[in-house]
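Could you have a look at this structure, given as structure tokens, before my questions?
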Amino acid sequence: MYFVTVRDHIMIAHSLRGDVFGPAQRVHGATYVVDAEFRCASLDANNIVIDIGFAATSLKQALEPLNYNNLDALPQFAGSVTTTEFLARYIHGQVAAKVAGAFAGSLKVTLLESHVAAAGYEAPVSPRAG
Amino acid sequence: MYFVTVRDHIMIAHSLRGDVFGPAQRVHGATYVVDAEFRCASLDANNIVIDIGFAATSLKQALEPLNYNNLDALPQFAGSVTTTEFLARYIHGQVAAKVAGAFAGSLKVTLLESHVAAAGYEAPVSPRAG
Amino acid sequence: MYFVTVRDHIMIAHSLRGDVFGPAQRVHGATYVVDAEFRCASLDANNIVIDIGFAATSLKQALEPLNYNNLDALPQFAGSVTTTEFLARYIHGQVAAKVAGAFAGSLKVTLLESHVAAAGYEAPVSPRAG
Amino acid sequence: MYFVTVRDHIMIAHSLRGDVFGPAQRVHGATYVVDAEFRCASLDANNIVIDIGFAATSLKQALEPLNYNNLDALPQFAGSVTTTEFLARYIHGQVAAKVAGAFAGSLKVTLLESHVAAAGYEAPVSPRAG
Amino acid sequence: MYFVTVRDHIMIAHSLRGDVFGPAQRVHGATYVVDAEFRCASLDANNIVIDIGFAATSLKQALEPLNYNNLDALPQFAGSVTTTEFLARYIHGQVAAKVAGAFAGSLKVTLLESHVAAAGYEAPVSPRAG
Amino acid sequence: MYFVTVRDHIMIAHSLRGDVFGPAQRVHGATYVVDAEFRCASLDANNIVIDIGFAATSLKQALEPLNYNNLDALPQFAGSVTTTEFLARYIHGQVAAKVAGAFAGSLKVTLLESHVAAAGYEAPVSPRAG
């Protein structure tokens, strides 16, 4: 199994509905340092898993609509509790859509939210049907 | 697969019986920076793998009896060679016991012992039988 | 010169007034991983710069009123542009107040806002007059 | 599953043939911080996955022939495009050969090439046939 | 004293003339993760040391002519031994030129060349004369 | 001002006499990741602050007598409270002695004891009198 990882970050505000979140029910924020790991069984003719520049650009484009925003005000998250786990899956879907057609394998998205906590989501990415 | 990771640390002394350990047969010590990663296939109604505050508290409570101790003198380790691998499994069991009933999935415990070495243990955690 | 550093973090929302801030004029957020470094010329009778537990508690107490808040809504920041530099100085003042009487020397507060950016403030801390 | 990780590094020059590599087609270089993770299902009589000193020495010996070299000039890479993924697999093979007979399990080799990019290779390592 | 730090990186090849460099006399390479720290006594009307976007762009532009190159072949380094210390000072000069007119204070440039070694250069930056 | 930093580590046991140390009065231990930063105003004829290999070896030799030991049992620490600050100064002296004659400038020794705490000592190093 081969893998390639690229890193970027976003700075967002949000609030989390639900007693379990305690003080995080208030509007607060986070820097998420985001790692996208692309994993597959074999290399292409260029000896790569995925063009690392394309991977980095895809991650940046997937993050762009969220960066410097209050997630509570974004339509795509209306009615959702935007936990780190939930956001990891959302970003996973956005990155998967960007790389569809260029990558088939497993994608792991990790959101590091501080020096002591992280969350993520990992699932296969299918090549886009023609 | 979703996952959440929390980090804490302990500072312990111990000695390792066995020629393979060379100078580590002497009483020495370590800071173990400990990562506990909780992994499961779906989120609960709050969009979380596990309450991150509860996860952090469970890890801290699991580490507490070891912290600032000489493991050679603790009854739970009598007759055991307390390698990093062994301790990772021991801590895995202690964390698993704390979260039983609140988490079912896979738990990975990693002990970072310096900037150049780490060890860990990963295994499923079953919910406590009723 | 001796020094001791402790680390903690906060997760806040805010917005920054001023064209220079571009998209950061919107409500967004940040995790600030905060380092407080205490520096002085000599050790006390216990061979320490400052009790590290007291230093960590002082930092945590200084951060507590900010943690999980929208700084735009806090009275102590009314009319202020809460840049990372500004916040570093504010936190410096709060930590200095907590340790006054127990520490005299220089205090450096660093706010790491992502894996690629940080800001801070450094200044002498005077012991509280009797 | 138990695991042990050791870290070392190399500093190499190379160039990458292929339009996809853009400016990396020029002779440039990299520091690769290399992690070797050894993973197996049970511990030996000493409560270890592998002697960590032996693991570190094996990694260092595997890296030695590459360190401080221009990979374009090394015979073992003639005709190969030495991407990070390719090098991870090459180093995996070299480490596997060093530890054969002393370790059976899975080996993951990760090359961190900057603070924002990494690549690696993971595969089972078979004990050397007698 | 206030300070702001931004991080970027370059991947270069070079060789070092002189017996003291041992195997580094061969053509090899390095990833330099580069930190530029801007330090001054007071904030401007926007509560900042320097526009962090401008600082990041200035660093990137300063690094661009070196990135993905063999320093041995660049005219600006003809006859020079391009040690990490030397490069830190060179990059310091390039960044200083980019920010002249927008920043007056002290600039520290640090090149992290692996997980165990770094070098840098620190000196005042004067505003450009009119 | 130029600077060069090298990193190594030790794993030690000790206990700290004094009520202020709470549970750290018990025999426990630490991994100290040790950074030695050499700082001076000008480079030598080889464009270096200090031969980085010599710096790394000097640090390793300075740490060797402490590594894998219980500091409570070492004669050089009899009657001393071996806090991190105290050890930073001790190691500073040992490194200074190793590099005397080859380096004149300022030396900073930092001991990182966990992901949330560090301590250190910084002072000029004089060249050995002839």
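To keep things simple, chains are lettered A, B, C, D, E and F as they appear, and every chain counts its residues starting from 1.
One rule holds for everything that comes next: a contact is a pair of C-beta atoms (placed from the backbone, for glycine too) under 8 Å apart; a residue touches a chain by one contact, two chains touch by 3 or more.
Just so we're clear, the structure is a prediction, and the values are computed from it rather than from any experiment.
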Of all other chains, the one whose Cα centre sits farthest from subunit C: D
Between E-F and D-E, the pair joined by more C-beta contacts: D-E
More than half of A-D's contact pairs recur, by residue number, in one of B-F, D-E or E-F. Which one? E-F
Can you check how far apart subunit C and subunit F are, centre to centre, with Cα atoms defining each centre and the answer in Å? 27
Find the geometric centre of each of subunit C and subunit D from their Cα atoms only, then give the gap between the two centres in Å, rounded to an integer. 41
Of all residues in subunit C, the ones touching two or more other chains: 7, 115-116
Counting only contacts in the complex, subunit E reaches subunit C at residues 1-8, 43, 46-49, 51-53, 56
List of subunit B residues in touch with subunit D within their complex: 18, 20-22, 80-86, 88-89, 115-123
Partner subunit D, residues of subunit E touching it in the complex: 7, 9, 11-14, 23-24, 26-33, 67-70, 73, 113-116
